[in-house]
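I've put the structures underneath this note.
Each of the next two complexes has chain A plus one more chain, namely chain B in the first and chain C in the second.
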Partner chain A sequence: MPKILLKNVTKKFKKVVALNNLSIEINDGEFFIILGPSGAGKTTFLNVIAGLEKPENGEIYFDGDLINNITTAKRDIALTAENYALYPHFTVFNNIATPLRSSANKNRYNTKQIREKVDRITKMLNINDLLGRMPSELSGGQKQRVALGRALVKEPKVLLLDEPLAHVDAKIRNQLRTEFHFLKEKFQTTTIYTSHDYKEAISLGDRIMFLNKGEIQQIGIPEIIYNFPKNTTVALNVGWPEINLFDCSVNFKNSQLYCPKGDFIYNISGNVLKYLKIYGKSEYIVGARPQHISFSDKPSDIYNLKAICGTSEVYDNQTVFYVKIKNLDLTILVNDPDLSLMLEQELWLGFDDQSLIFFDKETNENVKLKK
Partner chain B sequence: MNKRKKLGKNVFANLSTNVILILSFSFLLFPVYWIFTMAIKTNPDILTYPPKFFFQPTIKGFQYILGLTKVTGATGVSAGVESYFLIGIKNSIVVVVSTILISLAAGLPAAYALARSKLKSKENIAFTILSFRFAPPLLVIVPLYLLFSKIGLYNSYFSLIWVYQLISLPMILWIVRGYMEDIPIEIEQAGMVDGHSRIWIFFRIVLPLAKGGIAAGTLLAFIYCWNNFLFGMILASVNVQPVTVQAMRYLTPDAIMFREVAAICIGAALPLLILSTFLQGYLISGLSMGAIRR
Partner chain C sequence: MATVSLKNVYKYYWSKKRKVEAVKNLNINVRDKEIMALLGPSGCGKTSTLRMIAGIEEISKGELYIGDELSNNLTPAQRNVALAFEDYALYFHLTVRENISLCLKAKKINSNVIEKKIKNVSDILGIGDVLDLKTTTLSGGQQQRVSLARALVRNPSIFLLDEPISHIEIQKRYRILAEIKEVNRKFGSTMLYVTHNQTEAVAVGARIGIMNFAELQQVGTRDEIFNNPVNLFVAGFVGQPPINIIKCKIISEKDTIILKVENSSLKFIPEAKIAKILYKLNLKEVILGLRPQNIFIKKISEKQKSIKGIIEVVEFLGEDMHLVSRNGDQKFSVYCNVDMGLKKDKELELFYDQNKLHLFHPETEKLISV
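Moving on, here comes the complex of A and B:
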């Protein structure tokens, strides 16, 4: 039985549609990630599940029970807000103990039990020595831990985390991300987690839902989202550096692909041609991940597209090159930090045509996923 | 060279700022100083021209308004003089404190409602309440007098407390509402998520976080109510009138007792001075800083 079920949920703010007709099942114990750019409706989605926003349309079920009219206090959920929303006038201890003191709680705890529970959670989150401090005396990472503690201490059925790693610095982010793996294994609570960072999503999620402008673009396990993006929006937002997209037309007779912007012709292999033939159209947008383009300094059968090198950026063990084929700008990622190319140097590129992703030019949808 | 020039400029800027400040403060505080000296002068000293800056001080004025002196009449019988000042202070405290308490009881929940409700007409409601302060009191005072006389409310604490709401309620409501709107909604939502009721959130989260606004609103409302003169004069008589009106008792048909009027002015201002000093600390509301990422 699905733990959370949304049926045709629509939420509008005046005329702006924040969630458009969402239907989705989230399984018991699943770590479910909502990925999307800012303004996609991620926070609204969490607020609707939490009962902080009432949807105009649609039904929400927990374990098969309709909960549309149940107040937030009685929903047995926990939510951490993007800005932490700690009670500024309470100490860390009181912040974390607040959910335990609620009258809506199933079992009333006495002072000793509350202390024990808070202790257990804070030890786990390594904030045990901060209990007497006020929120204003905490760093960003510590605040996030307190907010998490306040959510976890309640042992909720559903845990809603709104961009928990968005505003902590890089070092703490990696540390907390590792801890989320641990919490995920330890608590096995149904968790809905929003993020705009695809790496976070791919690393943590059991399943990912890509949301854009209030509409579900794609739901799937991380590998599917990365390798088979449903449309160009998903493709552009998942993967670093950003995927290269360019218009192409396919000539089925001589199994060639022509790109007008780069003014080049590329031979494609039989199996790719086959599924394009089944799809039946000849105009596509081609997606090539920067990882999947390789190059050589001499032309050959494989490397037969002449390009001019532009600027490059070196990362710890990778280099990103920005190159040009006539008017077509391409990004290439190479796993070699020492490789350096001259500006304006000539290169010969080759695509791995098995990893090219074809999108319908009119609908922007992935050809392979279209039935 | 350049640095020294800059330093000299700074000193000059500092000096001139201070001089301007001192001048403006002396200008503003001179009436207060003058009232104070009047309160400890003898009547002849008050009335001489040119005014006297050096004189023999006396505390008779204060003794008189506190009812500590006895007056010997023409027949040789001495009698204690009733202290209008103390009656006035008592009346002021009763009326103003009750007014403020009622305004807080009604105004704080109203401010919260008007800060958070999604009602379309909430701006209109808030504006209507503010508009109570637009009309000059003289406009309403005659009808109010007639009305209150008819229904037997003339000369009662209740009538003053009621009418003073016109002054204090809009002030408390508007100031506190601003502070409540500034409380991040996420903190209140966290309260709901943690399983608490609206009432709990109001008392345990909203009120403590709006403390600065409540202190500011209360203080301002208190000052305006305390200093009100017109309502007390028209709607009440001697046993109910606040201290501001009681000062008039010393404007007798025989003489204008400048010293006593000055003394009562000083006496009436003292509670406000004490209250402001006390509440000043609460006015600084850095409390919600830091709990929210900014």
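Moving on, here comes the complex of A and C:
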């Protein structure tokens, strides 16, 4: 039985559809990530599960029980807000202990029990030396952990985390992201986590739901989302630098791709041709990840597309550079910080056709994922 | 020649009758046509430095030269520098077009020329469709683009950019960085780019100046900063994922020196010339820095030494992978290409180059080098 089941859930704010007919199952113990740009409906989704928003349509089940009419307090969930929402006048200890003292809590705990529970959770989160501090004396990362502690202390059935890493510095964000892997394993609570950062999503999620404008674009494990994006929207939002997209038509007779913008012809292998033939169309949007374009300074059978090199940047240990084939701009990513490229230099490119992603030109859908 | 040089510059502020040093004895030279990034955590003095160069903060002590001219007492207008701020500083009652063109109109430039310039810069920054909107209706990212456009369109000899892209979506940032570099290349303008984001600093700067606690720590190219960080702070501040910092005991074994990690079987062997220095310094402990990018899961040269680790976390990041491995009590990060064969609990033999071990003095935290 799924832990959480949503059937045809629709939520509107006046005329704006925030969630459009969502159906989804989330399993017990799963770390489920909702990924999408701002305005996608991520927070609304959490609020509907928490009972803070009432959907116009559809049913929500926890462990098989319909809970549409159950209040938030009785749903046995914990929700953390994007800005942590700690009580500024309470110490860390009291912030975390608050849910245990709540009158909505069935089990009333005595002081000793509260201390034990807070101790246990703060040790797991590595904040037990901060118990006497006020929120104003904490760093962003520490506040985040306190907010998590407050959410986890009453051992909820379901943990809802709204952009937990959005407000910390880039550097700390990466550290906390790694730390979440340990926390996830320690607590094993069913978790729904929203994010607009694809690295966070594919790194942490057991499964990911990509949401855009209130509609589910794709649900899948990280490798599927990255390697087989359902449509061009998912492809553009998952991956850095952005995937290269360009129009192509296929000539099945000559096993060739023709790209009008770059005015080039490219040979493609039999297996690729075969699935395009089965799909049955000849016009596509082709997606090439920046790390899947290889190059050489001399032409050869593999590197047969002449390109002109533009500017380049080194990001940590990687180089990102831009090239032009006629009117087609492409971005290339290489795991080498010491690449010496000259502006206006000639380069010869090759695509690995097995890693090219083909999208239907009319629907923008991934050809390989068509039902 | 559009150079900027600061000589023994100080900036004091007075807070509750106490003197606070925001910038201490700063000596820095921005070369002609160079993009220099000024990097540091918040409160390190980088923005104060930029504001002193712009002329909107007074210099408490020291000298500022723009070109060969001592400029301490010049007004901001006389300095011919353009500024783009983190918080935009746009005129809210004007449209985007009016905001961008204001300084050109003030200089009485022909309106056809102005139109051309606006078109050019708005195409680059992707704000062509909002030119006639009031700036209040724009998103934060768009406002920041307008602020940047207003600086770029003036085409001055010196650009000062203060966190100019911090509010723009991550996906679009690298495009704009490329444009900033393109402007620098095309117009040959000198740029000082202030940021707390090390990835951005490394991507945009020909050289990077790193500040901490009001003092300049190091100036250098990416290569110099990554491979020769002068102290532990610089080593830790630059690089993503962060450099592995490992405390080691120095053990003499036969003729060589070995760096041993407590409660772990990890052992590192420094280069012979560094070993000699360690021996001379007569230290018991040393802090070792090893970048996750400099640990390999496959041996790529015969000279590489090996260490062992068990995988604790595998982070699939799309383009690449981040592993957290453990040996005894010591955890360390490894960065590698996507490899589906890596799973939690797998034992790995990992490889490193001896010349990539950075050693720091346990007390001064300064780099120990030949």
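Here, the second predicted complex is superposed on the first by the 371 of 371 C-alpha atoms of A that agree within 3 Å, B and C clash if a C-alpha of one lies under 4 Å from a C-alpha of the other, contacts with A are read in each partner's own complex, and residues count from 1 in each chain.
In this text, a residue touches a chain if its C-beta (ideal position, glycine included) is under 8 Å from a C-beta of that chain, and two chains touch if they have at least 3 such contacts.
Bear in mind that the values here come from a model prediction, so they are computed numbers and not experimental data.
The superposed arrangement places chain B and chain C next to each other on chain A without a clash. When the two structures are aligned on the shared chain, A:Met342 is found in touch with neither chain B nor chain C. When the two complexes are overlaid on their common chain A, residue A:Glu223 makes contact with chain C while staying clear of chain B.
Of the two partner chains placed by superposition, only chain C is touched by A:Trp240; chain B is not. In the superposition on chain A, A:Ala73 makes contact with chain B only, while chain C stays out of contact range.
Within the superposed three-chain model, A:Ile278 lies out of touch with both chain B and chain C [touch as defined at top]. Of the two partner chains, chain B is the only one touched by A:His89; chain C is not. Centred on chain A, the angle reaching out to chain B and chain C in the chain A superposition, using CA centres, is 80 degrees in steps of 10. Contacts of A:Thr178 after superposition on the shared chain: chain C is touched, whereas chain B is not.
In the composite built from the two structures, the nearest CA pair linking chain B and chain C is 8 Å apart.
No residue of chain A is contacted both by chain B in one complex and by chain C in the other. Within the complex formed with chain B, the residues of chain A that make contact are 47, 50-52, 71-74, 77-79, 81-89, 98-99, 102-105, 134-138, 140, 143, 150, 154, 167. Remark: chain A residues 169-171, 174-175, 177-178, 181-182, 197-199, 202-203, 222-223, 226, 236-242, 289-291, 310-311, 313-318, 320, 322, 333, 335, 337-338, 343 touch chain C in the complex. Taken together, the chain B residues at the contact with chain A in this complex read 184, 186-187, 189-197, 200, 205, 208-209, 287-293.
For chain C in complex with chain A, the touching residues are 170-171, 174, 177-178, 181-182, 185, 196-199, 202-204, 222-223, 226, 239-242, 293, 312-313, 315-320, 322, 324, 333, 335, 337, 340.
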